[in-house]
Amino acid sequence: MSNILSVMTFLPILGVLLLLFIPKESKGTLRGVAMLTTIATFAVSLPILTGFQTNADFQFVENVPWIAAGPFAMRYNIGIDGISLWLVMLTTFIMPIAVLSTWTAVEEKVKEYMICLLLLETGMLGAFISLDLFLFYIFWEVMLIPMYFMIGIWGGKNRIYAALKFFIYTMVGSMLMLVALIYLYFLGTKAGITDFSLLHFFDLKIDPATQTWLFLAFAFAFAIKVPMFPLHTWLPDAHTEAPTAGSVILAAILLKMGTYGYVRFAMPLFPEATHRFTPLIATLAVIGIIYAALVAMVQEDVKKLVAYSSVAHLGFVMLGVFSLNEQGVTGGMLQMLNHGISTGALFLIVGFIYERRHTRLITDFGGLSKQMPIFATIFMIVTLSSIGLPGTNGFVGEFLILIGSFESSLRWYAVIASSGVIFAAVYMLWMFQRVMFGELDNPKNQVLADLNLREIAIMVPLVVLIFVMGVYPNPFIEKMTPSVMKVIAKARIEPVATAKVVVPVVAQPEVAPVQPAAEQPVTAH
Amino acid sequence: MFDNVWLIPLFPLIGFLINGLLGKKIKNETVIGSIGAFAVLCSFIVSVMTFLKLIGLPAEERVINVKIFTWITAGHFNADVAFLIDPLSCLMLLVVTGIGFLIHVYSIGYMHGEEGFYRFFAYLNLFVFSMLLLVTGNNLLLMFVGWEGVGLCSYLLIGYYFHKKSAGDAGKKAFVMNRVGDFGFLLGTFTLFWYMGQTNNIWTIQFTELAKNANLLPTGGVVTVITLCFFLGATGKSAQIPLYTWLPDAMEGPTPVSALIHAATMVTAGVYMIGRMSYLFIRSPETMTVVALVGGCTALFAATIGTAQNDIKRVLAYSTVSQLGYMFLAMGVGAFTAGIFHLMTHAFFKACLFLGSGAVIHSMHGALHHVHSHDDAQDMRNMGGLRKHMPLTFLTFLIATIAIAGIPGFSGFFSKDEILWQAFSNPLHGDLNIVLWGMGACAALLTAFYMFRLVFMTFFGTCRIKEGAEKHLHESPMVIVIPLLVLALLSILGGYLGLPKLIGDLFGGVPNYLDQYLEPVFANANQYMLAHVHPEQHSHTLEWGMMAASVVIALIGISIAALLYLINPELPKKFTTAFPALHRAVYNKWYIDELYDFMIVNPCKALGRFLWKGFDVLVVDGVVNGVASTVMAFGGVIRYMQSGLIYNYAWSMALGVVAIVAYYVFK
Amino acid sequence: MDNLTNYLLVSAVLFSIGTIGVLTRKNAIVMFMCIELMLNAVNLTFVALSRHLGNLDGQIFVFFIMTVAAAEAAVGLALFIAFFNNRESIDVDDANLMKW
Amino acid sequence: MEINVAQLFQTINLATIMPEIILSVVGMALLLVNVFVPSKSKGYLAWLSLAGLVAAGYTAACGWGQNVDGFSGSVVLDNFAIFFKLIFVIAAGLAVLISDQYMEREGCNQGELYPMVLFTTVGMMLMASGTDMMTIFLGLELMSISLYVLAGFNRANVKSNESGLKYFLLGAFSTGFLLYGMALVYGATGYTRIAKIAAVASQMGQPDILLLIGALLILTGFAFKIAIVPFHMWTPDVYEGAPTPVTALMSAGPKAAAFAAFLRMFLVAFPSMKADWSDLLWILAVLTMTVGNITALRQDNIKRMLAYSSIAHAGYALVGFAAANTTGTSGILFYMLSYAFMNIGAFAIVVLVAKQGETNGNVQDFAGLGHKRPALAAIMTLFLFSLAGIPPTAGFIGKFYLFSGAVEAGYIWLAVIGVLNSAASAYYYLRVMVYMYMKPAEEEFGWVSLTAPVSLALLVSFLGTLIPGVVPSYLLQLAQAAVKVIS
């Protein structure tokens, strides 16, 4: 099937159309249809994974004219490479879980809720597979709408503020990106580029001063989405107020849009500017790691704590991505997936206890382990994954990021960032301890039921992935490696020899003799 | 030939999975316990087989890498899941699985009737698995997996009684402090990987590769940075200054855990790691000095605290910290074999001590439970005279105590004396040697003192337990006692593996087996030492003298203990009243925990709170919301221009016309 | 030439008077009369220019303006009456229900 | 001089103004029908005028690409005019469709409304077609006078009176400036015909001061109709007071008509002074967007809010004008068309939600609409997103082209200010959605009844907002073709 990507992307829309014809009273059917749609989407995405050839090319490409008027030519140009592949898979994988997670949590306006979820899925998938800048922008913006409603309608007490903040904050950024996009296009037309296709722009030579401005505009939009310090304040609000599925999707996928944007657009398009702003971005990333960790430590609301932990984790991702070597970028990409899985799982967990107790204050809990052993086990595993314990997915990503950035010019940033692993342990474990350990003294907590079958079914795939990706991450890495190398080759302004100096570990010392320093792969001091 | 080594960690992993996933369903304690113990037993058997195979090989071939699968590859970074079988790791395998098996057996009896029995065995198996990874991992990263894994198990097991807040706190403290160490470990790994790659184009984190290329490393400089980072990792894991405070708190966990994790195996990981990378450490004289000093200080410092504790397990905990200090002292003076030797002997006698104390506590607990007393079953002030009731436990406990105190003939004497001698005579630290020896000797004195204090308070004198409870005190079941006996035996015999040459010569040239066995592992370091420093020759007389001195020191310590706690039990009280401040300081562990709280924990929390409420909400969000509300306020003002009056509107238009025209006319 | 300038000046003055009248008066009818004055000033300009330029376009324009002004007057007065019916005033100060 | 009638008719070329003729005839016929058909319900008039509008639109569309002129070149039926005529037909048609229900409810269902709508449409069409200052003026006045009547149509309602009064006085006032400007241009160049003015103006090396002032005064005249700051003050009051369907028409039609004439005058007659007026439009665009948006932030009355929003939208369109390139100007055309759909659609919802006497017209009164009437709310949501310029809607594509025009012309900061305004504007559009979806319903919205005409209007504007948002290519190409004739 040559248009499998389109089928996958727009399958949720089909689900929406179906949902429209189901009366809103039959909630079970609505949930079922939404569930089936997301599962079908996941099923459709599987052949993409299996059929993906491990090389740097874009695959499953569809490229047809879309808009052509005046100076512009936009094309419906989609495709997938090693960088977007896993993010697409993550999206299709998380969505059924998200739907399932709200089976009982959302009792009101089920129909609208499911419509929002499905629209969101199309938006996210579309953004990940777009190879046309304009198309990307459309999907990028479209995502905002369902998320806005999810926060605003099904959110908590302060939901309207959070929803508006989320929407307008993101919109300010993306609007500036739009201007940069247009400007870039006109630069391209002068160089003979005839449409918005990303691949054309990769070859465009832009003078550094212009790059600076364009990069800033792109980076600003993406930084808001990531979110990077100090543009992060919408996140705790949005997360805290969003319903569980909203938080899960927001954390697992939407935030990745920002980092993905850097890897896919900002960095390869503007290499000189990337080089120039690397210290700034790395500084912000590191500040984000430490700052968010410190702030997370003193949170009173579990969900807010997890939200701040997201900021810290995404700081790691940014650091890795901007180290611009294979370890760092691979680590960053992996960490995106890891964060999607483990933070998604954390939000689900918070959702479980919120559903039971209708509070998220840490002080309202304590000793839950006794009452909910299965929950405790899963919570523990996810917590450990979140703090990057070896054997879980979180470790692989974090380690590669740190070793990558240590090897690059961001050495000192890596050192500071490494201390983030300590803080992560502090705030996560302290939270875990206060919620799960101690005396089960609150009578309301003494009657809590452990996870039911549905909830276990939600968590099991995540837990399995946590371990699979921790123990055997190589299949994930292998698929993305060629694309990662391509990105690095584009985004680095120094000549890169990274790929060629792989020395097998078993190499004999005499085979790998000491080389004069001049021939070393350049790792700027 | 060594293809089946992956079985060694696999068995405990299977045990963990079975007990962890199905344990709740199995319910039968015997089955659960047997599965757990059997898994470790299988590992032990395979380890023994591996060991036998290994010593069957010529010495120079005793380094085998067994690759299972490629774990992570990214760029020139590569990490395999692969095992390194060499004398050092084999020794550790035996210690871990051997003692681990005994403690598993012991636990079946000790943990009888505890809630979450299956959980305990699952964790214990998981711990053994992690520890085996740690010791067999053939690269830094896999070692780190085990490194963090044992930390995790430690966290889980310390927090086993999670309903107790103190247990949860202790677990968290252990984990976080370990993480601080891990931070160092990671940085060390990064720097080493980067430096080797950068300067020599050797991108590897594999131990054998590193060892092979160790000669490319400079002396000092970046190696100092690397080794100090690793050493930070070691201080965290092995509870050295400044990261030792978690270990005494870790006694919140069940006693078998204390024996296995917090005495015999996990806490020695730091020592093992330095041994594993001896070729690296030896290349940095600065680091060696730091290691030796930290070790010496810790040995002495922890010993002082140990003298004033009343909780039986806490005494042992501080003793562990102190003994670990010895091991680091050994490593720091380049006596790697001696350090590993002490690691091994310490594993025997300290496991024996902990299990013995566990038996005591168990018995005390049962007795106190009978009379419905809430007295602390671990407080030595409630004990006394227990030897009548628990003769076997007393016997084994006494043997182990003698061993730790350094009485000749018992294992502790050989290893400790070796360390003291090396501290005194090593060629690395020059004038510092006497200080190092002094610290070690003082610590030995204190060790002998507080250990016998413990024995006297617990097993001698009058029974101070609550009225009526005494008759309920009884010897432990066989499943508890047998491991004690085995360990006690090992505490005696273990020392004969590493007889000093001096003594060996007396018995017709019995070699120092351990030295020979471990020689290939430390060959690189030793060669480097030979090439770079010139050892002074010390006369045998001096060596004999020093040996005698350490025996005398131990005896003095024992005598003081006997005087204070056996002959004249009123003396200690007088002593404490005479020096109240000193006693309070020692009793409160020199207020180090409070100091950390004051210096690090509280400022961090305060900073976090400030950043949240003061910066995040006020400044960052304040700017965002400020912009928004400024615009909104502006809108509120502008709308009042819209007065609703036609002539105002007309004015606006007319002025607009005038302005536009004027602009162009006068431009 | 001078002639034209004079005409233009007069019409400009008339236009200004009309404008100022609109700006300062509050009676809707007076305001409307001022607007008529402005329109007539424009007419004068057109006629003068037409004469000066020697083509008839301007004068034709004036016819249209006058016609339109008449239509405007008719509609305007109807609106005033409707307003007066409800507010009993044609003071524009009273047309202030909607503001801000 | 012998007058050859046939030749005269050839010069006049009635085909050029056939759409106007059709609408005028239908309008006058409807006036008579209204008098002589004794039916209390006036709904049939709506359908009849719709038929007339469709016929006129069809006639206009048939002339696509032919570029004929008439009346000795003082009117023209070129692509540019046709594009705008279709906008007017759509705007008027949608307004007509939502009128009956509203007028019935408000108790002022006089049949004259429909002829007046048709006449005002004729005026707009004439403005778009006019190539002579005279015809433009005539079209403008025809449009305006009909609108004065329409604004004050609800005679019994004080607000409607006030709206008519304000619109009339200020409109006439601005006409004064426009005319004076035209007089000066005439004086400076000697012609009223745009093409000839252009010819003369391009001959002048240094623009004549008379010509410049004339042009600026003409600009202010159009600026009034478009509602450019500082000539915008009438907009909120008039929009608020006028009957809602009239407001809907007013927000879309006259604005587009004024843009049509404005574009034609400035791009055809004064391109030589582009440097002068382009800067001015830059400033005016910024002022208009900003003032419109910022003031709209604090409005509760939804009609008033939409009025301020329409000021802001005029500012966005001006961005394209300031750029004065094909991208920008075709963007204006596209935007005006989209704006007709989305804004009238939004007003249609306002008509439905409001109660008798124009009560219930505040944002707060929309609370819970999303749950009680999900379809209506969903449609309204689309309109609001389109107004806010969020894809996939026509509003986004329109804005994209407008801002692209600015970027292409090198006005990057203008585009940046534009997009920032756009982001700020999202707040007040979202606010409506907040009430619709995120606040509990206080009312059951039982009175909201969807009649056939309104449903049709909603459907048309829904599709007109959505489809060009997803597949805009065809319309954009039409707009490009349309602006070709004036650039």
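Letters A, B, C and D name the chains as they come in the text, with residue numbers starting at 1 for each one.
Just so it is clear, a contact is a pair of C-beta atoms (placed from the backbone, for glycine too) under 8 Å apart; a residue touches a chain by one contact, two chains touch by 3 or more.
Just so we're clear, the structure is a prediction, and the values are computed from it rather than from any experiment.
**Student:** Could you tell me which chains make contact with chain C and chain D both?
**Tutor:** Where chain C and chain D share a partner, that partner set is B.
**Student:** Would you kindly tell me how far, in whole Å, the mean C-alpha position of chain D lies from that of chain A?
**Tutor:** Chain A and chain D have C-alpha centres separated by 44 Å.
**Student:** Could you state the distance in Å from the CA-based centre of chain B to that of chain C?
**Tutor:** So the centroids are 97 Å from each other.
**Student:** Counting only Cα atoms for the centres, state how far chain A is from chain B in Å.
**Tutor:** About 37 Å, centre to centre.
**Student:** Can you check how far apart chain B and chain D are, centre to centre, with Cα atoms defining each centre and the answer in Å?
**Tutor:** Here chain B and chain D have centroids separated by 79 Å.
**Student:** Which chain C residues sit where two or more other chains touch them?
**Tutor:** 19, 22, 31, 92, 95-99
**Student:** Touching two or more other chains, which residues of chain B qualify?
**Tutor:** In chain B, residues 628, 639, 642, 644, 646, 650 touch at least two other chains, as defined above.
**Student:** Using the touch rule from the top of the page, what residues of chain D touch 2 or more other chains?
**Tutor:** Residues 165-166, 169, 173, 236-237, 424, 427 of chain D each touch two or more of the other chains.
**Student:** Going by the touch definition at the top, which pairs of chains touch each other?
**Tutor:** Touching chain pairs, listed by label, are A-B, A-D, B-C, B-D, C-D.
**Student:** Looking at the complex, which residues from chain B come into contact with chain D?
**Tutor:** 628, 631-632, 634-636, 638-639, 641-642, 644, 646, 648-650, 652-653, 655-657, 660-661, 663-665
**Student:** Provide the residue numbers of chain A that touch chain B in the complex, in ascending order.
**Tutor:** On the chain A side, the touching residues are 165, 168-169, 230, 232-234, 236, 291, 294-299, 325-327, 330-331, 367, 369-370, 373, 380, 384, 389-391, 395-396, 399-400, 402-404, 406-407, 411, 414-415, 418-419, 421-422, 425-426, 429-430, 433, 436-440, 471-474, 477-478, 481, 498-499, 501-507, 509, 512, 514-515, 517, 520, 523.
**Student:** Which residues of chain B touch chain A in the complex?
**Tutor:** Going through chain B, the ones touching chain A are 24, 65, 69-78, 80, 139, 141, 144-145, 147-149, 152, 155-156, 159, 162-165, 167-169, 171-172, 175-176, 179-180, 182-183, 186-187, 189-191, 193-194, 197-204, 206, 209, 212-213, 216, 604-605, 607-609, 611-612, 616, 620-621, 624, 628.
**Student:** Inside the complex, what are the residues of chain A that reach chain D?
**Tutor:** 66-72, 109, 112, 137-138, 141-142, 144-145, 148-149, 152-153, 159-160, 163-164, 167-168, 171-172, 175-176, 178-179, 182-183, 185-186
**Student:** Per the contact definition, I'd like the list of chain D residues that touch chain B in the complex.
**Tutor:** On the chain D side, the touching residues are 165-166, 169-170, 173-174, 177, 209, 212-213, 216-217, 219-220, 223-224, 230-231, 233-234, 236-237, 276, 280, 291, 294-299, 424, 427.
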